[in-house]
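Next up: the structures, one after another.
Below are two complexes that have chain A in common, paired first with chain B and then with chain C.
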Partner chain A sequence: MLFRYLLIVLIILPIKAFALIEVDITRGNLNPLPVAVSPLSIDEKSKSNFKKILKKEDLGSEISAVVENNLRQSGLFNPLNKNAFLQKPDIANLKPRFEDWNLIKAQALITGKVTFVDEKLRVEFRLWDVLAGKEMMALAFTTVPSNWRRVGHIITDKVYQRLTGEDGYFDTRIIYVSEKGPKTNRIKKLAIMDQDGFNNKFLTLGNELVLTPRFSPTNQMVTYLSYFRNLPRVYLLDIETGMQEVVGDFPGMTFAPRFSPDGKKIIMSFAKDGNSDIYTMDLENRIVERITNHPSIDTSPSYSPDGKYITFNSDRSGYQQIYVMNSSGKNVKRISFGNGIYGTPVWSPRGDLIAFTKLHKGKFYIGVMRTDGTGERLLTENFYQEAPSWSPNGRVLIFYRETKTNSKGEGFSAKLWSIDLTGYNEKMVNTETDASDPSWSSLLSN
Partner chain B sequence: MNLSKILKNIFVILVASFVLTACATQKKTTGQLQGDVYTGSDSVEYLASGVADRVFFATNETVLTTASRETLRKQAAWLRKNSKITIVLEGHADERGTREYNLAIGERRANSAKDYLMTYGISSNRISVLSYGKERPVDSGSNPLAWSKNRRSVSVKAN
Partner chain C sequence: MNRNVVISFGLHAFLVIITAMSLPFLAKKPIDLPPIISVELIQITDKTNIPFAPKAKKIIEKIKEKEKKLVSEQAPPKMVKKEKQDSIPLPDEKIKKIKEIKEEKQNPEKVETEIKQVSEFEKKDLFDTSSISALIDKSKVENAETNKKTDKITQDQDEKIDFGGLSLSEEDALKAQIFGCWSIPLGLPYSKNLLVRIKLQLKPDGSIIQSEILDHARMNKPGQEFYKVLAESALRAIKLCQPLRVPSTGYEKWKELQLNFDAREMLEG
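This part shows the complex of A and B:
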């Protein structure tokens, strides 16, 4: 029953939203699935141990709050109010009284147990189908206590996967540019945070301008543009060690970097004498290869997930448009033909779609099209927004949006937003400071 | 002369003055823009007396206007006289474009200026190019006049 319901939701959505070149302005409620996230039960001894280590009163409740927030943010689930729960966490985890959960209209139930074992955090959880009265999944993990938020994210990923049939995107991080100061002299720093905005960390000090950080799809490396010593160049940064290095030895500006899907190459633009072309550098043997050779501006390259194709931005037709070519640079084809100009193409990790930014009649749109340019669909319209980045499962896009400013500089803000591929569930992503250029990591636990 | 005639005359004068002031204000706004290229002097600084430091571009354009070429010829003459000076050409874009494309267009604008200076006898090793894309606007406003001031290439003394 539960299964059939979700299957219907997931199949209907994409079809319904396939209206051609129209902004989907209906943000209707999609009847998100009612789910009860019972606080994970915890014994008194474990509770006091974790309180000592983590300064958290009740770690069971804290972890379930992470799960609950993730599920709500996804827009597909409606976590029910805990005050209505009739059964105690410890008993529910052993054997739920399904009539009680049915009474409050829960269709799925998550229960679990947290214990302190050998200085470690042990968490078990179960997912129950309330209507069928059956256990759908049971798992247990052991980790260091400081990883407790990640445990919440991993539980959410497992639940999401079991109920939707698709991989989750919750145990992930976002790298972005943190912004401060007047618009005419913004101070920008690289920053990284969990997908839900927690555990924010700055990776650079703000001494030089930094732009467009992008995660490696295979590990925790990042490539970005830095104006270190006023020489704008593509850099490689290892998040774990903090080591950074310039990518290649180019006699001019390199920019717009991204990793190849196997993480072995960086693809980017190199600007020389007023002309930008696309190049790759192999990170193992350091061999640089020229991919495009055209007097127009070629930039914003992004590989298809199988590595066989590259989508990029070029003004060879006179204005910015989106093109696709073989990864060798051969067989260049323009794919964007709608009204307006198109930029920042990014290939979906599922392979079937390209997300982009579009400017038309003074408005900016985030949209998606098929890789041959058909089926263009605009998801959101605003004064200024750009730079979509896909969640690893290809279901959600994160991008940044800027507001109008007067000539005194008042009114300006830059914030991260996310939206579902369906055009629903548009949400601001909370950041400590203003923020731009987000890039979504792959799943940390795989 | 009766009262109605006097009133009529006053009315005519009033209308005339309205038309005139309307003209004046309109000229003022169009006076800073030709097409959508900035022609005012609001943000302009000077390398030397009479030698403006920057040139402006139309939306999405990297081609030099007649006025820009005149400014650059003055810069070239000044650079020829001051042969030890080296410069950085800083290319900029307005905020109405994607960040990466704007970096490229800023680089192309600065190179348009560089090429022109070179044809007037300035050696390429005295000129370096630095694109800021849309990262360093001079006017924070989100309006066509502010954007026109921001689409620019600025010659900055490097030594």
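This part shows the complex of A and C:
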């Protein structure tokens, strides 16, 4: 009997003992991740070579500064103060002393080495998990020395991707309309710069009015609108070669040409017989196809990333609202139902959201909503702001904001701003001149 | 005849007495019910515990350690009873020191609640809003689980309560600690099913002997980059937090713990 009892106890006991306690962790902090960006180590010989070519004292530090600035601007990382670093860059790159980096609360560490090899710049970098004490990634790049800033951007993209799981957006450029002069007589030029505001270049002379430049999602082509002898023309510009061509002259007011996701078509709106509708143009055979046919004003078309749908704005319900339809023009559905006027809808490269400008009670908002119109979120409010453009990973929006003029007509300015989807990381993008109508390129390194 | 009457009378009297004796018990039952409810309340308060209990525990542990050093190595390891310890022959200065430490660091009420079993009324006084919210949170989780799953879960939960689960306050203390350490990767898409389950083996002081990702195979699968990022962030949080804030007793219960990291609520919010 006793034996039986013991047997039962012995069977039951392990079952009880293995009842594992589970604790659900559903909250955490949304603070930026503390990252230590150690200056990239560089030997004396390479240092003097790069000094001759690039006029930079210490290229290793310069590249790490690019990485650090990118990470800080993203709002997701907190690069730690270099003065707190205990380990020298060259030793850290070989084998970091994790206790030292742990001491300054770094959770990730970036180290690297810069060398001058066969007239070229060779950069290797490593990403370390400080708490786990292991290497997460190690890569090396070789390029011409003048590309050193891009190397910094590519390193940031790789680090960003490894630590967040989504693609980066740092090795990209922004095309925009540079503006100068009084409000009544603005000189507008097409300009391009790196996403961090460096390497600014003007692409047109400013003789003609330029509007709404838009990058191709697949390559470094740009389409924009320019007025020649007061007639709107749609242009195509190859950023790499500088070649420019007129796609077509269109009657009446033409608005906002934009590429299809495969880069083979341009979609735009223009007024024919006094009625604005949406049209596409095949860039190979230049055939124009009408997509909408409605007596209302249909403008600002933008394709979904899979090319199956188009979002646009129309006043067919009485007020300007956002609509979605099939790429053939069928199944038109209104998706914006909030108070106010909605415009400039742009489909996210991720495909899940549509960004828009909203005017309500005299204030302008930049916001996002799901593609069925639900989950509207207004990210930022201001006196005047519009034309959002997505970063290639669909996480950040760039747009432009104008300031009020005083009674004398002074104080006007237009600047580029960026904000991420959380709505917290709002930052002004530095430009040499006033700026409007920004458009974000795809990743250059793809 | 008379005899029969006497027997009948006696038996009737016996029945009346039995009935008279048993009826009050029946009548008492409903009166007994409220204490049962109140017992439940007590159990809940015990589970929730008072919010500063972990702190008090820590302080007690500190004092224990100090006393160990001061008194002798043979000092009782678990129960801390002031009177007994005071009665141990010590140099006067040392006794004063211990008392001073207690007076400085300890809230006497807190210690009492930790060491002694206080009355129900006292517990009610100590029951604050934060523990109410903890209760609500817990019930949310439990409700969600029972809605999703079958009766098995309820049995598991029963097991938790009866056999070895952490009390709500202990669980809350642990959660709060990890919340502070876990930097959620903000780039994660909230539409994806991302739940990282990590099994821990712990030392009695809360430091980690071993951590194991239960779905480790997912880490290296192509297209599971987000899972990998989340799993790595969870491991970082655990390492950053250790030693974990675990209960001072019942090591056998929690020497193995499973932490389920789920960022959806935060990313959606």
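FYI, the second predicted complex is superposed on the first by the 410 of 446 C-alpha atoms of A that agree within 3 Å, B and C clash if a C-alpha of one lies under 4 Å from a C-alpha of the other, contacts with A are read in each partner's own complex, and residues count from 1 in each chain.
Here, contacts are C-beta pairs under 8 Å (C-beta built on N, C-alpha and C of every residue); 3 or more make two chains touch, one makes a residue touch a chain.
Computed from a predicted structure; not experimentally measured.
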Quiz prompt | First (chain B), second (chain C), both or neither touched by A:V332 | solution = neither
Quiz item: When the two structures are overlaid on chain A, which partner does A:E166 contact: first (chain B), second (chain C), both, or neither?
Solution: second
Quiz item: Counting only touches as set out at the top, which of chain B and chain C does A:L76 meet: first, second, both, neither?
Solution: second
Quiz prompt | chain B versus chain C as contact partner of A:A132, first or second or both or neither | solution = second
Quiz item: If you stack the two complexes on chain A, which partner ends up touching A:R395: first (chain B), second (chain C), both, or neither?
Solution: second
Quiz item: Once the shared chain is lined up, is A:V288 touching chain B (first), chain C (second), both, or neither of them?
Solution: neither
Quiz prompt | chain A: partner with more touched residues, chain B or chain C | solution = B
Self-check item: Common interface positions of chain A, toward chain B and toward chain C
Solution: none
Self-check item: chain A contact footprint on chain C (complex, rising order)
Solution: 141, 156, 159-160, 163-166, 171, 174-175, 178-189, 191, 199, 225-226, 228-230, 232-237, 239-240, 252-254, 256-266
Exercise. Going by the contact rule at the top, pick out the chain B residues touching chain A in the complex.
Key: 60, 62, 95-101, 103-105, 107-108, 110-112, 115, 129-131, 135-143, 146
Practice problem: Note which residues of chain A are touching chain B in the complex, please. | Solution: 182-186, 209, 211-212, 225, 230, 232, 252-253, 255-256, 269, 271, 273-276, 297, 299-300, 313, 315, 319-320, 343-344, 357, 359, 383-384, 386-387, 402, 404-409, 412, 437
Quiz item: What part of chain A is in contact with chain C in the complex they form?
Solution: 16-17, 19-33, 76, 107, 129, 131-132, 136, 160-166, 350, 352, 393, 395, 422
